[in-house]
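Here come two complexes built around subunit A, the first alongside subunit B, the second alongside subunit C.
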Partner chain A sequence: MIPLSLPAASEATRPYVTRLRVDPTTAIDEADAILVVEDEEGPSFSGLHGLLTLEGVCADALEGDVVLVQPDIGRAERLLRRGSPHNTLLVTERCDQLCVMCSQPPKKTHVDRFAFFEQACLLAEPNIVIGITGGEPTLYKDDLFGLIERVGLARPDIEFHILTNAQHFEASDIDRLRQDIFRRVSWGIPLYSHEPARHDEIVGKAGAFDRLQSSFHALLLAGARIELRTVLIQDNIDDLPQLARLVTSRLCFIESWSIMQLEKTGFARNRWVGLFADHKLSFEPVATALDYVLLHGKAVHLFNFPRCTVPAEYRALAPASISDWKRKFAPACATCREQDQCCGFFEWHPDEHANAWISPL
Partner chain B sequence: MIPKKFLVSSLLAAGFLKPQTIQAQLTQAASMPIDEGAKLFQIFTQDHPLFFADHRSHRSHSSHRSHSSHRSGSGGHYSHTSHTSHRSSTGGYSGTPLYQTPAPRPSEPSPTPTPTPSEDTAAPSSTSTLGPRSLLQMPSSAAPDRATPPQLSPSAAIQARAERFKAIVRRVQIGLMGQGEYRGIIDGDVGPATRAALRRFQTIHGLSVTGTITPQVLDALRIASN
Partner chain C sequence: MSVVPLRFRAINQGTLAINDCGRFFLASDNLVERIIGDDLTQGDRTELSRDGHFFSQDDAFAFDAHAYGCASRWDRAGELDYLILVPTLRCNLSCSYCQVSRVGLGRKGFDWDAETLGAILNLIDTLPTQRIKIEFQGGEPSLRPDLITAVIERCERFEHKQFVICTNLQDLSDDFFAILTQPDVYISTSLDGDVDTHAHNRTGAGTGQFLDNLERVLTEFGPDKISALPTIDPQNPPAIDALINSYASRALHSIFLRPINYQGFARKQHSSAREQSTEWRQFYERFVRRIIERNWADREVVLEETYFSICLRRIFQPGHDRHVDLRNPNPIGVDYVVIDYDGTVYPTDESRMLTRSRIIDLSIGDIFSGWDSEKRQLLNAHATNQFDESCRRCAYQPFCGRDLVDDLARYGRIDVERTQTEFCRRHLHIFDLIFEMIYSDDPAIQYSLAQWLRLPSVPARFGIRL
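Our next item is the complex of A and B:
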């Protein structure tokens, strides 16, 4: 696993954002910190905020990384890793839904780090997509929109992908969301069933389905780009064909639909047996949904579906979706020829399950 | 005969009659044609743009950093000795563009105890490449850094890290002391006295006044240079 949080010693007393530069000729911004020395334990950098000593990663792997240095806890968080297609900013840990399979159960506290994230975005490498997640980012809608607008103005090369439960979009947001900058924003929105009651039950919030529809209404009028996301569990796998009809008929303005396999962490860790829906055993509902959506010309993907667990004719829909820093392959995958195209497994997925499940290609 | 022999060899041992001292080489070099001098000059220059004048960096050059290609350039073979020659050249070899202002020669800081590598040192990873800007490339789940909670390092590792940090700060304090800007203790802590000294030093030398150990300060104190 790629470490995202590094032990750090710093002379600063307050948190700050800096970009690490191993090659001093690339240091062009005053926020850049330049490599001073590297020894076996790790590199030391120096910038406007002074000296910074890191540990656990060699300097070359940090070139161009944007880090948030937190002297109080002695850590440096790698907010944006250069060259990684999977850079995600966690803007809050609060959420107003409590999904049964949540991979990161929410917390009540909120630490406002928007200012740091904005600085980080401004220092990002050219042409990247920055993911924004939570918690629920739109609980702090003004801060979020402000960040996107300001960064978008300064950095026309940057795109955003924001995961939201879409419980907070209103008609009054439409004008703001119609701005050009929001063409570079894609919203990842979960929808678990065509049955309102089942969706509400899964997300742990009464009325969530209806609220989602009114958000869709606002987003449609704003011309927002939407990626619909459906995590498969035992409760909703048989709803897929009906959900596919809903997607193609009433939500035809969405850009793409992602059907996602469960991640064994957070709530799903202890509820795995009652949640995990083995699509390898019963691919029928998935196949029916895929056929229907494809027939209607909608983009659809299978995320976190190891390729060998998907019938060959649908394999092209299963990309290497798991983020680089938390992806692994099971021991049994060693002989597989399609590893480079496969999502593999989440770092915390039990190898015993993976080994028994897969059949290397 | 025997006593004479004995005398000569003991003088040799004491370094008195050593035929080729560095000073002698330098004197020779000064009277050499330009290209020969340039060759000698090269001995005293760094093959890599960044240089940290500390004994600890020898280790890193010899073992850890051997894979780095773009920084160490072509002639990595003499980088080990360059540190010592760098020092001895300050007085004798004037006129190189590298050293405009002769700096005071503060005594070496007491060698710091070598910290043992910490347990949680992870393997470096730089395998990721820039991919297409496709939706497929986006995180497939909402799970960012929570997966790597701050692990409490063993106190020994924290100690080692603090010591690496302090070793550099001590060099800065010694440098500032040599410049007459710092009169405090060489403790490796960036306290109010060190910050004030840094600000004075930065002001006097026309550097950005931050009160922190910036690349400019490290450069000016010749602790690290580009």
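Our next item is the complex of A and C:
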């Protein structure tokens, strides 16, 4: 695993955002901190907020990283890692849904870090996609929109991908969302079933399906870009073919559909046996759905589907989707020749399951 | 109040119901009666609403999603990024059905002069896009490799570029061959079938030389470098397997069947080509059915009739095609233009031929003073099937298009009742044929449809039955 949070010693007293520079010639912003020494204690950087020493990672691996330094707890969080395609900002841990398989169960309290995130985005490497997740980011819709608008204006090269349950979009948001900057925003929105009752049950919120429809309507009128997401569990795998019909008709305006395999963490960790739907054993509903949406020209992907568990003809739809910092391969994967194209497994996925499940290519 | 945005068409297997966004199903006679008689059951309503064939007018989301579906069928011509250039009108062949008009090899004053070339290079410099496609037409453009090179060199700045040289491959000079070695340069040529057919139609005694050159290009660059199309005389069509073999044996798997066009010089010598006869349509259908059989028998190779695939994809996958002969609206002089040897600008290659044949002057301007002319605006006011009375009643309207120049070429006017036009008859035939195949149970047909739609596997069904 690539560590995202590092022990840090700092001269500052209050939290701050800085960009680490190993090569002093690349320092162009006053928020850059330049490497001054690297010894047994780790690399030390000097910047506007004084000296900063980090542990556990060599200086070269930190070049260009944007970090949030928190002197009070002695840590530095790597908010944006240079060269990584998987940079995600967690803007809140509160959520108003309680999805049965949630990988990041919500908390009651909110720590407002929007100002730090905005600074981080402004310091990001050119042309990156910044992920925003939660909790539920649109619980702080005004802060969120403000961040996107200001960063978008200052940095026309940056795009955003925002995970949201879409329970909070209103007709009154449409004009704002029609601004050009929101063309660079893709909204990842979960929909688990074409049956309202089943969707509501899975997300743990009565009326969620209907509320989602009215958000979809607002997003359609705003011309928003939507990535629809469906996590597979035993309760909804047989709904996929009907969901595919919905995707090509009423939801025909979505940009792409992601069918996602379960991540064994959060709530899914203890509920695995009752949730995990083994697509390798019953690929038919998945295949029917894929055939249907592909026939109708919609983009569709299989995320977190190890390649060897997918029939050969559909493997091109299963990219290496798991973020680099939390991806691993099981011992049984060692002989596989297609690892570089495969999502592998989440770091916390039990090897016993993976070993028994896969068949190296 | 409820909305049922369906139109109907009888096909061999029953009644096809297609909604305004182009989603469709095959309806039982009973269901058709209930729809027409406004006598839908609750079960009907639920089932129809799944694909947007039925919704309540109060359901604003359904209504707007439907509007989005309709709008996604419309082409939005973007910035000018496709130029069809005619560096010379001279040609080293004189085919009996020459489509493009040509003059003899030694004639003077039929190539771009320095001023015209300069104006074209200026135009390229001012294009606002990052993407460019340039097609070199003629005449025979390979007679002027220097002009082709000048244009290609000027396109250095574009992120995406593609150059297609339409050549008869009769003479392969070293200079021309050197141009072909560039990876973004492609060739389009004519191959009318077996040696005798091609010799009879086109190259006569020079046929051996053409075939040698074709072979050399294929060997050197592979089949992806080349697209070839056969021109078919419907009165005297070639043997289908011989035609297919002449392509398949060269690993050319996409065959664009083209009937002799009632344009250019062909108009004089082949007057029967004004209307494509039933013979042509029968030949076309036999050809498509034959490649389906061959695809089924040999799964290593997927043959296709190019236009059939284009129409098929338009049914299922709106917005995925930039084929300018079939789109709606089909505005002229916007995203692509033809620039002739003398700098005159035409909306399409066909309109260049019509003008040169003195049938109607369809030039819309020139490279020196532009082409935002009154004539262009007048034509573009009619460049859609959207408001045509006959098209509005036609179930295939969402998939179909409009071709003003074709109407002008055949009838000298654009207000002929739509169903009386060759464009309409041709597309009704092809869409009928496709839907008959969509609802066929023949695994060979289903296999080819899936391949032509570029699907990873054959779906359990292509169309729903209700």
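Simple rule for what comes next: the second predicted complex is superposed on the first by the 360 of 361 C-alpha atoms of A that agree within 3 Å, B and C clash if a C-alpha of one lies under 4 Å from a C-alpha of the other, contacts with A are read in each partner's own complex, and residues count from 1 in each chain.
Everything below uses one rule, namely that contacts are C-beta pairs under 8 Å (C-beta built on N, C-alpha and C of every residue); 3 or more make two chains touch, one makes a residue touch a chain.
Computed from a predicted model, the values in this text were never measured in an experiment.
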Quick check for you: in the superposed arrangement, does A:Asn236 touch first (subunit B), second (subunit C), both or neither? neither
After lining up the shared chain so the two structures overlap, which partner does A:Val36 touch, if you call subunit B first and subunit C second: first, second, both or neither? first
In the overlaid three-chain picture, which partner chain does A:Asn165 touch, first (subunit B) or second (subunit C), both, or neither? neither
Answer with first, second, both or neither: which of subunit B and subunit C does A:Gly297 touch in the superposed model? second
Subunit B versus subunit C as contact partner of A:His217, first or second or both or neither: second
For A:Ala316, is the partner it touches subunit B (first), subunit C (second), both, or none of the two (neither)? second
Intersection of subunit A residues contacting subunit B with those contacting subunit C? none
Residue numbers on subunit C that touch subunit A, as the complex places them: 21, 23, 50-52, 60-62, 64-65, 68-69, 72, 313, 316-320, 453, 455-457, 459-460, 462
Can you list the subunit B residues touching subunit A in their complex? 49-50, 52, 54, 56-57, 59-60, 63-65, 67-68, 70-71, 115, 117-118, 120-122, 124-131, 133, 135-150, 153, 157-158, 160-162, 164-165, 168-169, 190, 208, 210, 212-215, 217-218, 223-224, 226
Parts of subunit A lying in touch with subunit C, wherever the complex brings them together: 213-214, 216-217, 220-221, 242, 245-246, 248-253, 287-288, 290-292, 294-297, 311, 313-314, 316-317
Subunit A contacts subunit B in the complex at 1-5, 7-12, 22-25, 27, 34-42, 44, 46-51, 53, 55-61, 73-75, 77, 81, 83-86, 88-90, 103-104, 125, 127-129, 131, 133-134, 159, 161, 163, 186, 188, 227, 255-256, 258, 260, 263, 265-266, 299, 301, 303-304, 319-324, 326, 343, 346-348
